[in-house]
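Before any comments, here is the structure.
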Amino acid sequence: MAGLLNVSVSPHVRSSESVEKIMWTVVACLVPPLLLSVFVFGIQVLLIAGVSVISCMAVEAISQKALGRPVTVKDGSAALTGMLMAFVIPPGVSFLLPILGAVMAIYIGKHLLGGIGYNIFNPALLGRAFLLATFPVAMTTAWLVPLTDGAIFSYFNSGVDAVTTATPLAVMKEQGMDAFRQQFGAPSEIYASFFLGWRPGCIGETSGLLIVLGGLYLMWRRYITWHIPVSLLGTIGLLTWVFGGETLFTGDPLLAILTGGALLGAFYMATDYVTSPSSKTGQMVYGAGIGALTVLIRLKGGYPEGICYAILLMNPLSTVLDNWFKPKRFAPPIGGEK
Amino acid sequence: MAPTLTFPKGGVHPPESKKLTENLAVEVMPLPAELEIILGQHIGAPCAATVAKRAEVSEGDLIGEVSKGLGVPLHAPASGKVKAVGNSGHPVRVSAPSVTITVDQEAPDKQYQPRDWQNDTSQELLKRVHDAGIIGIGGAGFPTHVKLKPPSDNPVDTLLLNGAECEPYITADHRAMLEMAPEIVEGAKILLKILGITNCVIGIENNKPDAIKMMTDAANGTAGDGFSITVQPLEVKYPQGSEKQLIQAITGRKVPAMALPSAVGVVVHNVSTTKAVYDAVVLEKPLVEKVVTISGKGINRPANLLVKVGTKLIDIVEFCGGVKPDLSRVVMGGPMMGFAVSDLNIPISKTTSSVLFLTDEEIDANPLSACIRCGWCLDACPMGLEPKEIGVFVEGNRAEDTEQFGVFECFECGSCAYVCPAKRPLVQFVRLAKMKAKRS
Amino acid sequence: MANEYSSFQLLANGILKENPIFKLALSMCPAVGISTTVSNGVMLGIAVLFVQVFSSVTISALKNFIHPRIRIPTYTLTIATWVTVIDLSLAAFFPGAYAKMGIFVKIIVAFAIITMRLEMFACKEDVSDSFWDGLGMGLGFMVGMVVIGFVRELLGSGAVFGYDVLGFKPLLFFILPSAGFFVVGLMMAFFNWIEAVYAARKREVKQ
Amino acid sequence: MSNILTIIFRLTLSCLIAGTVMGTTFVFTNKAKKANEHAREEKVVYSLLGYSAENPIPESMGLYEVFRYVITDAGQSSIGYLVPAGAGDHSEGFTFVRIDLEGKYMDSNPVTISHEKVREQKDRDVAIAAAIGGGKDIRFADHTIIVTDSGSRLAYLLSGKFPGFKTSIHIMMALDPTYSVLGLEIMEHEEDPGLGAEIEQDYFKNQFKHKPFETIKSIEVAKAPLPPEYFDAMEGKVDEEAAIEVMKQYRDQDIYALTGATISSAAVSNGVRSMTKKFAYRLDILDRVIKEQQLQVPF
Amino acid sequence: MRVIQSFILLITAACVLLSTGAAFGAGPVSSTAFGDENEIILKFSTPVDPQAAAAPEVYTVFEEADPDIRLAITGVEVASDGTQATLVFADSLNTTQKHIVTTSGIGGVASASFSVAKSYLGYLISILISALLINNFVFTKYLGLCVFFGTAKRKETAKGMGVVFTIVIVVACSMSWVLYQFVMKPFDLNYLQIVIFIGLTSLTVQAVDTILRKVNPVLFKSFGVYLVLVIANCIIIAVPLLMASNEYNYFETFMLSLGAGGGFLLALYLMSSVSERLELANIPPSFKGLPIAFIVAGQFAMAFLGFSGLQLF
């Protein structure tokens, strides 16, 4: 009997949550919007997502092998990165793009910096930023037109290049509100169809409803908390309302939240554990910062959608925010802090 | 019933697993053939043995004493013959000096008669507590008489009795409260007299409604003799039983970092310690036995046992019908803060409140991975520390720089490690960090 | 101490052992900023070479004249003078290439590498050694710029020396300024790796 | 003390030497710089007109620069043109013609300045100020080159700056006497590589080629894919005659915007439109005034 | 944290100092502004007759640089209470240019001219923001890298360096501006730019060094070491050169230098907080040190692409 017992440090019971479980749950939450996008845009979407996920996992495995680290592809973090990257690139791009993006996101963005937990920027968004810089035309134009019937098979019939269109935010930015209304309908119709997902854009920009549902599920599972999404969307709404209209206080906050990647960013991108602050106050500031930068880039910047860059810009600040908003200690020692 | 209270920050709620033993009455375990009494059972200087090899001892005889410094004497748990003054297994230090007694199974049970303590002065009472070798048997092992002499510049106004028993599995205090409520209340009165105060609150987590009821009834019985003893139900949350958290939950006062509860006018004692105080003062019985919860899915017959200090685990296992084949880990103490032992030749000490026989199903043996900075440990830490940073710094060979994260305020409750999805051994990191930070 | 170094040693030192870009990691700004083409690299390399050589020679020649208390101001003045000379000359005779380099020619004046060589070498050694050292450092810089420029030009615009060799543009990213950081970082790591492998092999051979 | 004096003396000497070196270089390079800059501009001009090293510009051609000024005199603005004086193919001296904001002739004064110095803004300003009398604020606006061949007008070359997507875009373009576009060259810009920077490409800038003034006046950009045949024609992938034929087909259409860079494309076409319109308006007035006043000009 | 607070305070103070709005003299129009891309909005000081104000003929509008080209007005929308008129033009306006609006017979004034321009304060702030973020000298202009990588390892060092650098650059640029405007330009000494600007910088560094040593030895102890490094930073010479080539006036120069210094501080601060985290990471051996710093800086540069094309005012 002696010596057979297994010794380890306390605590001897652990909660049933694990990194693997969290990552794969988040991936699972992204599946419904993906399936809806397949229905809206066609099978091409599924292929792009598949290539993205597989290449991210492959790059993860290869880089871990090459760097002599334990291979942890199974923990799902690479799969999640792949999934998210597919959600933020136009569905009509060539398959080469997600593969290149995976190299940037996983190898350069993550493993060179020390692997999971040490990346400074959100890998998926880093991949997207890289692709946007490298293939500016494809990344800003390869939007598919949402199809109403038999979409799944249309890819095989028509090919991809034939059907491209502009995203709602791009129309809004480049052609103004009037053109936007003309193309996408009156506000009352827009809200509903945008919320459901009938609009051009990347996968992550389509169905607000499914994204929100997934996000709420993650909140219910306590994988994410309300702090980042609420402060982020609240700031976007507030600032758009104040500055987004022709005069002050006439912007359309609801439209700002529903269009573009605001919802995906708020629930899935900004809440990425590694690159967001841990303290709750820090998270609120972080979310508000992303929201403000998003509105800044949308209204004044060079891109129609700003949330991706806004998150990237706030990522390095998360360490700073954690330093500024340390958790409150139980009680200071007598005589105060040293 | 009074509203339930709890501490505001941090804490976790692991599965309670108390069903296994909470309805089992305390059983008296028969004397084993041999007892090994470790000489250093309390915080402070270990005892020096006062008996030599082959000396005859009877139950309650002094076998060890502290000549100088913090400490309490040690007594023979049973009559018999000193087999050796040497070393025996220890859950933390692997081996430690001890006195081994071959039990004389024929010796008659020692009888204790209650006496009236009301006329004793508090000085006399305090001496009895010391002489009986009483220490905090909830787990800390801090000599009780020291706690009862708070520094004069911090007047104490409240005595808290800790009946929270927040660790999963353990039901020793629960059973003690059910079966010995009047004795505990009597013990509380003794403590109040020693402290020279009248106010006492007994904190009990409300997963033990029967204990709350028993204790309330017992406390109500004391109304009218000048003491105010009440029962305070507490929300079920770990680590409610930690002194600082308990004090905050019940009184709302915050004990400053690196300070004792007396700094905020409170003294905390475990309910079982209080029972031991009763035994020492009323029955003049030294602390030689205690209630230990034997639980976990790896033991055939879980039980709440009254065992002699020095009983070896192997004897307990035998008494409880042996272990199951899928046993994976034996833990002395609670699953959150206890120590896993490598073999069963380790004796029960005064501070052992439970021995758990855990199977793979109960423990989580997932390998650790890198910190993903989810921040769950920040939410779980009742002390408002940053365990993830401590872990990352220790891994990055910068353990000596962890004082900025308050590593010395950590009392290693294990809440952070419990919630960690990356299964990181945060408590171990903290211990390492403390060692290195102290050195630098 | 004239014969302490051979001119070849001094040259090789600048190009390989103490390459200002990959080894000393000094003067990184142009290596990141305008190393998008080989010709930019050559152009700026020439400018740096010119300034380094002339400053080294000047300081070396005047080393007994320079009062030690005003050493640094004199260096700055010397460098600034030669930078002005090359700046004006390039602007006059190569307006096209000069326009591409923006203010990078002018900021050669703040390059740590040049001052460092003056302080560490030229103010102690004689003129010909200083000349070779300056030449080595300048060439080292030029080589570094050309290597980075080659990679970025080839991958970014599919060309070498402005001549389209691939016929397509593989990765536009590489001509973007931010790619300069990545290329320099990856190349430094590559050189470190080579060095480590080389050192390991040497150790093996010894054993 | 003597130490300080030595330091001061040596520092001063160093500064003097350095100053001499730099001054010499400056004097030496300044001329070359100006000449090279002019040569560069000329090269663009020739290439816009369709001439190059292999196909040199004929002797019979003359290039005449017209400098436009805005004159403010006691709160009243007027436009002044510094035009070469003389008749036929050769010119002597310059005339400064002032026209008020309504397009009415005000006055004209001969300006004495040499052909070399006229390119130097400082010298030119001084000469003009001397010619029209002091107390007026003169501000150089732009200059245009009028190209003639054997006395008849062949083309106008104008340069201009307008805001692009990021910073301003500087272009030069050639118009024929009917103000149709002969060619367009992007001189400086800081648009995004791969996107707006594509305005440099032949397939974009050659779209303006051969567009008549009527089209240019209201030109816009269209967000549609560029037809492949048109692309080939502009990139010079087909022989010249075929290219001209294809380009003719598209001459009355809007400019096809660059994919993903609508703003840069629109910036260029707006810039070209407004430059052309302004130029046409002004030149018509100047020509009318020259005709009415019977001024002697070589173009 | 306090460094950043004081920096923000400084900027706010600068903005308040400079916020002297365009003053309008007597006349019917109290304020003007650009509306949509083809609109100019006029606000009248006293309500005018909406009928009269709605006629396009009563307005003439031209760009200040092109007084002979009248811009075609297609319509005028007048608010019903007669306090505001919106002029709609056929083509979109070049809002970088100052426009002159002349009204005739509006509000009882025979003829009055007003200028329409983007707010100057906005322009100044956009210079600041541009140097700070959009064209951050480190991440988008790739200057000052040697010092940047040298001092971005510790947060304390980063803050010290950034602050010292900001102070030196503001002082040195102000002096450079004076010298440039009043000596170099009038006497045609532009070719001495490099020598003079680097000389002024050295002088500033020397002066700050001496003053600090006398006035606050404690501060000197913590910041003195960075002073030497300031001069090896190419930004210090790049900013005066930019100032000269853009012909900035003093306020603009001040904003540019403040933005450049602040941008350097920001970049250092961000990089240092990241470096501290990287120190604990398991980085491949050949990437340790500078290579990984470059790669992280590259990632920063990619993130800063998000600011590209930003136009605040």
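So that you can tell them apart, the chains are marked A, B, C, D and E in the order they are listed, and the count of residues begins at 1 in each.
As a convention for this text, a contact is a pair of C-beta atoms (placed from the backbone, for glycine too) under 8 Å apart; a residue touches a chain by one contact, two chains touch by 3 or more.
Everything quoted here is computed from the prediction, not taken from an experiment.
K.L.:
If you check the contacts of subunit A and subunit C, which chains show up for both?
P.N.:
Joint contacts, listed by label: D, E.
K.L.:
Provide the labels of all chains in contact with subunit B and in contact with subunit C.
P.N.:
The shared contacts of subunit B and subunit C, listed by label, come to A, E.
K.L.:
Kindly work out which chain lies most centrally, taking the average of its C-alpha atoms as its position.
P.N.:
Minimum centroid-to-centroid distance belongs to A.
K.L.:
By number of C-beta pairs in contact, which chain pair leads?
P.N.:
A-B
K.L.:
Based on CA centres, what chain would you say lies at the far end from subunit B?
P.N.:
Following the centroid criterion, the farthest chain would be D.
K.L.:
Quick one: subunit B and subunit D, Cα centre-to-centre, how many Å?
P.N.:
That gives a centre separation of 92 Å.
K.L.:
What whole-Å value do you get for the distance between subunit B and subunit E if each is reduced to the mean of its CA atoms?
P.N.:
Once rounded, the distance between the two centres reads 66 Å.
K.L.:
What's the distance between the Cα centroids of subunit A and subunit E, rounded to whole Å?
P.N.:
33
K.L.:
Hey, what residues on subunit C touch two or more of the other chains?
P.N.:
In subunit C, 73, 77, 80-81, 84, 88, 172, 176, 178, 182 touch at least two other chains.
K.L.:
Could you pull out the residues of subunit E that touch at least 2 other chains?
P.N.:
Touching at least two other chains: 191-192, 195, 280-281, 284, 287, 292, 295, 302, 304-305, 308-309.
K.L.:
Return the residues of subunit D touching two or more other chains; collapse runs of consecutive numbers into ranges.
P.N.:
Residues 18, 22, 25-26, 165-166, 192-194 of subunit D touch two or more partner chains.
K.L.:
Who touches whom among the chains?
P.N.:
A-B, A-C, A-D, A-E, B-E, C-D, C-E, D-E
K.L.:
Which of the residues in subunit C come into contact with subunit A in the complex?
P.N.:
Touching subunit A: residues 171-173, 176, 178, 182 of subunit C.
K.L.:
Touching subunit B in the complex: which residues of subunit E?
P.N.:
279-281
K.L.:
Can you list the residues on subunit D that touch subunit E in the complex?
P.N.:
18-19, 22-23, 25-26, 70, 77, 79, 99, 101, 103, 141, 162-163, 165-166, 168, 192, 270, 273-274, 278, 281-282, 285
K.L.:
So in the complex, the part of subunit E that touches subunit C is made up of which residues?
P.N.:
Contact set of subunit E toward subunit C: 139-146, 149, 191-195, 198-199, 202, 231-234, 236-238, 241-242, 284-287, 290-295, 297-298, 301-302, 304-305.
K.L.:
Considering the complex alone, what residue numbers of subunit B touch subunit A?
P.N.:
So the residues of subunit B touching subunit A come out as 9, 12, 14-15, 168, 244, 254-259, 263, 314, 327-331, 333, 335-345, 356, 358, 362-364, 366, 369-375, 378, 381-386, 388, 406, 409, 412, 414, 417-423, 425, 427-428, 431.
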